[in-house]
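Chains: A, B, C and D, in written order; residue numbering restarts at 1 for each.
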Amino acid sequence: MTRTVDLNADMGESFGDWTMGNDAALLDIVTSANIACGFHAGDPNVMAKTMGLAVTKGVGIGAHPGFSDLQGFGRRRMSLPPDSLQNIIRYQLGAAQAMAKSAGGSVRHLKLHGALSNMASQDPEIARLCYQAALDLSPDLVIVVLAATEMEKVVRDLRCAWAGEIFADRAYNDDATLVDRSLPGAVIHDAENAATRVAKMIDAGAIITESGAQIPTKIDTVCLHGDTPEAIEIATAIRSRLQREDIRIQKF
Amino acid sequence: MTRTVDLNADMGESFGDWTMGNDAALLDIVTSANIACGFHAGDPNVMAKTMGLAVTKGVGIGAHPGFSDLQGFGRRRMSLPPDSLQNIIRYQLGAAQAMAKSAGGSVRHLKLHGALSNMASQDPEIARLCYQAALDLSPDLVIVVLAATEMEKVVRDLRCAWAGEIFADRAYNDDATLVDRSLPGAVIHDAENAATRVAKMIDAGAIITESGAQIPTKIDTVCLHGDTPEAIEIATAIRSRLQREDIRIQKF
Amino acid sequence: MTRTVDLNADMGESFGDWTMGNDAALLDIVTSANIACGFHAGDPNVMAKTMGLAVTKGVGIGAHPGFSDLQGFGRRRMSLPPDSLQNIIRYQLGAAQAMAKSAGGSVRHLKLHGALSNMASQDPEIARLCYQAALDLSPDLVIVVLAATEMEKVVRDLRCAWAGEIFADRAYNDDATLVDRSLPGAVIHDAENAATRVAKMIDAGAIITESGAQIPTKIDTVCLHGDTPEAIEIATAIRSRLQREDIRIQKF
Amino acid sequence: MTRTVDLNADMGESFGDWTMGNDAALLDIVTSANIACGFHAGDPNVMAKTMGLAVTKGVGIGAHPGFSDLQGFGRRRMSLPPDSLQNIIRYQLGAAQAMAKSAGGSVRHLKLHGALSNMASQDPEIARLCYQAALDLSPDLVIVVLAATEMEKVVRDLRCAWAGEIFADRAYNDDATLVDRSLPGAVIHDAENAATRVAKMIDAGAIITESGAQIPTKIDTVCLHGDTPEAIEIATAIRSRLQREDIRIQKF
């Protein structure tokens, strides 16, 4: 049986004169790109450039909306009323669709960013509001969810196209949440180790937690990072190792 | 012969907790609404509310993009490279299209705001860059231009749908520019007088300047204002007077 | 025995082209002005104008710092690390001091705004961080606290100059918090009634709650509002009524 | 005769999660730091950190105010009325003074940033407005000016403390303006060459232009850059070379 998986990464996170990450290098590794939409990072120029590169390299374009908080990089939780939550999704998705179209592509998927993602993974109402707003605009959009969280329940219920995401480089607790970064072993720095874990989880069709427990889920895509030269190296190594494991890397 | 004209106004210019203008009242007077897109004014909530009202009242929705400058309300000139100029148009138009679709409508026209409009009315290259970026995304978009300016030459050349706009309440110089606000007679405060001028210009198919000269042009829409209670009164009076002149008020 | 009280109001909350409130009218009523510092509202021009008026009218100038969140008017809670919290206080206080000095005055007091104030009234650590940062810069600053809250405990502990504040137009719960706006009777719209309550509380040296309970506290200043024409009327009426009650209105 | 010169660099230009330059390395090379004030770059946290380092390393702290334009990094020209121009200087200088005081230091000098600096170097009225606003707040402030420009005339006329600045790595035209970056030889990439030029200009008490002409001026400080690893190397090499030329490096 051929196993396939998508590799995704957040990008387009530069802003004005400030550069973040190495999008050109990452786009040679991943098959899906989650591109910031100007609220927590990115700006119209950065979006145009990143989407243009993604089109050239055949990488799937995703909208990556977040809270309107440049200084906090969208990582500070904000309480928004339901309407406002939906409006920031609509606005950012629409902007991303226009930028993608101008670059010769289109927005295939949507993945929430930062604090908004954290909140939606815990509160199904927030997930539902965000996803519904996006799907009303674009019914075929693939929603990328943190596998085995409230997000997954919501997209199953919405009966929309969706992709379940796991992290290559993070240990999991038994409730499918990530082990806190401050704890030993929370972040996996060894690419071989990370790739072996991913292969095992794909085979098992389950998240494998630190304790060895298995949480059955749909694994469609693996999140990689590219914000440091070291991160690019690890992402490259994971990709190579997955290929040697006979896992086909392709867009979901 | 039946004469018809569209009435337009800028709106959706509130931001967060700050209110500007009286959009609900204006939407009972105009047939086209130029709605700010969040760069110089407006935010996703304001756009959603204003567009929802426009749909309910059958008023045509327009994107009204400007420079990214909330504090200066988009009235400060900025020099942007050609790519950046096009990207801010794409981004704002895309956001407006999504907000309009979510409100049950669609973006029919585009009118540039503030300093960006002033610059485009003088520099055909700026007008061309902005309009081309918008038309690539939405080929049927109606471009609203300041009649008899460089903008008009550009849209004629682009062979796109367009509407020529005159001001009801401003006196014109012989080169079709507006008489400077600081000069006596520059702003017409009397609604009857304003409406009479509009009717004459529509009949003449020309801008009639302060000196009495005529500048032939296509007059499709008249710009009204609604930022003060007095402005709403004037706009109402102009509408009534035009109707008494047997000019039909309808969307371009 | 002569009773005296200060009247304060938030102001300088316009931004760019957006006007909020009627600062000129309010400055004829209050004795202390809490002036926004550009993060949640206000900008350098608005600060200059408001402070200039305050100096002319002999009203005490206060810095009114908040979260950096124009769109949410500083009313959305944000979790900031302790250092960041202190840095936003330092920055805004410094800016306010410079603007006040340029206007011929100086910053006498500090009052936290919106969500930051709410958080500090419940969490003494947040109050302490903010107040300490301000007092390190300006040891004689008067800290305005919500009377009988955690804020009061903190300023007593810091042994700094402080003023206890009550609201003229809001009903209190038995724990000194405000009755939720959504409940009947939460907001007092009758100026006579509001002024009578204030006089009683000043006499009692205590907050008098809806149930009639008394919470002893130091009452130095009464918060008034001026964001609507009606609010200005109520503020004026409260001031007159307090004077008729032989309560002297003067700066703390 | 001992010759002395100050070395300065712009820093504190990171913002939120975005890093720019290597301030820690630069602070080992320069004697004066021009620190962004949050309008075009920098934020309260970045200011606190950079100023703390400057105090530790004995480097003079300067306010480096610019236009309120994060996306354009303060490099886009804006037309502001005289009052507004003064208010943005006051606000930024006040914020910088508070941050410096909290870090255990104080603001010794002021240097304008980006487009605001370019405009002030050509238009003496703009220079005068900015400098006067700053000096009214802080009469002993040292104003750093581009040597031999309109700025120099203004500070001579204001009779304030000032320092004349030259660039180590840029060729000069005969009118003391910089050779356009697009022309060959405009930027000097060789550290030895750059240092030799600086030494010659200090000896001559004049800017030496590309044609060999001399423009007499006061040279107090040399601007270095540190935005790339290469720039840090060049800055280090210039410093060493100046020391070998028996030029003492010390704060103005």
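Heads up, the rule we're going with is that a residue touches a chain if its C-beta (ideal position, glycine included) is under 8 Å from a C-beta of that chain, and two chains touch if they have at least 3 such contacts.
Quick caveat: nothing in here was measured; it's all calculated off a predicted structure.
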Could you work out how many touching-chain steps separate chain A from chain C at minimum?
1
So which one's got more C-beta contacts, B-D or A-B?
A-B
Expressed in whole Å, how far the mean CA point of chain A lies from that of chain B is 40
Chain centre separation in whole Å, for chain D relative to chain B (CA means):
44
Contacts with two or more other chains occur in chain B at residues 71-72
Which of the residues in chain C end up touching chain A in this complex?
68-69, 71-72, 76-80
Residue positions on chain C within touch of chain D in the complex are 38, 44-45, 47-48, 83-84, 86-88, 90-99, 101-102, 133, 136-137
Contact residues on chain D for chain A in the complex?
14-20, 41, 43, 70-73
